[in-house]
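For reference, chains read A, B, C and D in written order, and residue numbers begin at 1 within each chain.
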Amino acid sequence: MKAQNEQYLERTQKSFDRQAMMKTLGAELSVLAPGKVEIRFPYNPKFTQQNDYLHAGIVTTIMDSACGYAAFTLMPPDADVLTVEFKVNLLRPAKGEVFTSSAVVLKPGKTISVVEALLYSPEYGEQGDKPVASMTATIMTMI
Amino acid sequence: MKAQNEQYLERTQKSFDRQAMMKTLGAELSVLAPGKVEIRFPYNPKFTQQNDYLHAGIVTTIMDSACGYAAFTLMPPDADVLTVEFKVNLLRPAKGEVFTSSAVVLKPGKTISVVEALLYSPEYGEQGDKPVASMTATIMTMI
Amino acid sequence: MKAQNEQYLERTQKSFDRQAMMKTLGAELSVLAPGKVEIRFPYNPKFTQQNDYLHAGIVTTIMDSACGYAAFTLMPPDADVLTVEFKVNLLRPAKGEVFTSSAVVLKPGKTISVVEALLYSPEYGEQGDKPVASMTATIMTMI
Amino acid sequence: MKAQNEQYLERTQKSFDRQAMMKTLGAELSVLAPGKVEIRFPYNPKFTQQNDYLHAGIVTTIMDSACGYAAFTLMPPDADVLTVEFKVNLLRPAKGEVFTSSAVVLKPGKTISVVEALLYSPEYGEQGDKPVASMTATIMTMI
């Protein structure tokens, strides 16, 4: 996939930095390539469910930002990014000290892009075949 | 729908109170009937995305807890609740001062229940035909 | 909801009639109001899964057409309709002699509409609280 | 992934052969490995939407059977397979002469398995980075 925007790295980081939620979670973005990003963030007991695992909504928060910014890297310079919808499967308890979500654009599009993300915990291996959760998201380019 | 568990009100509230995430968001639960709950929580600038609306993941957090606890009210006394998966549509920008999510069980089941939730903001009318977001969730009874 | 297109009834019926799949299933459309349609079709042993119930894909076929045409009734005269994505929950075995899917637009939009459908069988009551399946679909207006 | 059932090949083929829908579509199953199956089927003008592409419901039919049987290969000998829910993204028009869906189990489970499928057309390359559609399905083991 090819970026349409030479400043895609700076623009993606800048939009990410405007998400107060990412700061609240202590999350950090890495743009790996056009159409591919990774976000890491630490476990925090303030964001847990009744069994002290991360709440599914926090798992979703990170995968949603990962999907949105993966699509955003491919958008034209004046675009904003909007999540239309997503579907999440929760595969394993979200335990561990640091989580990483990687998102890859499955289908880039002028208006609609489809992006897939996984979330990993070192508890089950940092990459590979035991993700904590998966997302498929439909992302819109807003001009 | 009928509760199998006379203490369903207390048990649901107690599990909700163990979700640190709900405290962090300042969220409050109302069990309206067996199979039907509502959660309210205030806007908080710490949980926003790049345009100062609530992050889609926070919208999801509340709808997921609402769906889970709606199903939980119908579960037997010794059960725990687990979200298998959900799908969220983001219908309008999540702006406003207080948000309410109402969740209703569409299909109760011994192992699998399907629950639907909407999220409202007074910005668009507290109930009615202009929800901020919708969720369909698949919830599992863990025994 | 209000139709933007005076000929919405004729246009919706005409597009439906071009779907060979609807003919193959013996399906019939009723446009109930702008944003609301119903499709009925009979059980057919050619379209079943391993236990002689209708295949989930056929249940989906009808709900997808219902969602698409519910959105289509609200589109401008020169538009075509495209399904971006959907999510289906299979709630009860698809048995019975005639099935009805009713679809209602949850959020109309210039580009993106969100539509919800249920599928009923007289086996469980033709309307009401025991649907066979549910769908949430994201539908796009193509101009 | 490892089959729990020595006869998994025969059992999967036998259940597939009981799906009248697969015969109606002229579909053929290949079990590639435990947790991995492929289904091929030809274009048929009887199963099309208003623009003569395959109906999204038919695309779904094949991906649903692929997901179900991918999970089924890993189930114990006396189990039956049930689709709980799925989500489909329609990425490109379903045109072409022969379609192939490949499904791989993402998370096997005693009760619940999560499976992903893609559908390919030679129109866009038989494998690779241009699928026609994607599915994530939640599949249940029924004992």
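Assume a residue touches a chain if its C-beta (ideal position, glycine included) is under 8 Å from a C-beta of that chain, and two chains touch if they have at least 3 such contacts.
Owing to the predicted nature of the structure, the values given are computational and were not obtained by experimental measurement.
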- Message: Counting hops between chains that touch, how far apart are chain A and chain C?
- Response: 1
- Message: Need the most distant chain from chain A, centre defined as the mean of C-alpha atoms.
- Response: C
- Message: So using the touch definition from the top, which pair is joined by more C-beta contacts, C-D or A-D?
- Response: C-D
- Query: CA centre of chain C versus CA centre of chain D: separation in Å?
  - Reply: 22
- Note on the structure: dist(centroid_CA(chain A), centroid_CA(chain D)) in Å evaluates to 28
- Residue ranges of chain C touching at least 2 other chains are 84-85, 87, 89, 114, 138
- Message: List the residues on chain C that touch chain D in their complex, please.
- Response: 15-16, 18-21, 23-24, 45-52, 55-58, 60-62, 64-65, 80, 82-90
- chain A to chain C touching residues, read off their complex: 84-85, 87, 111-112, 114, 138, 140
- chain D residues touching chain A - in the complex, by the definition given at the top: 87, 89, 91-92, 106-107, 114, 116, 131, 134, 136, 138
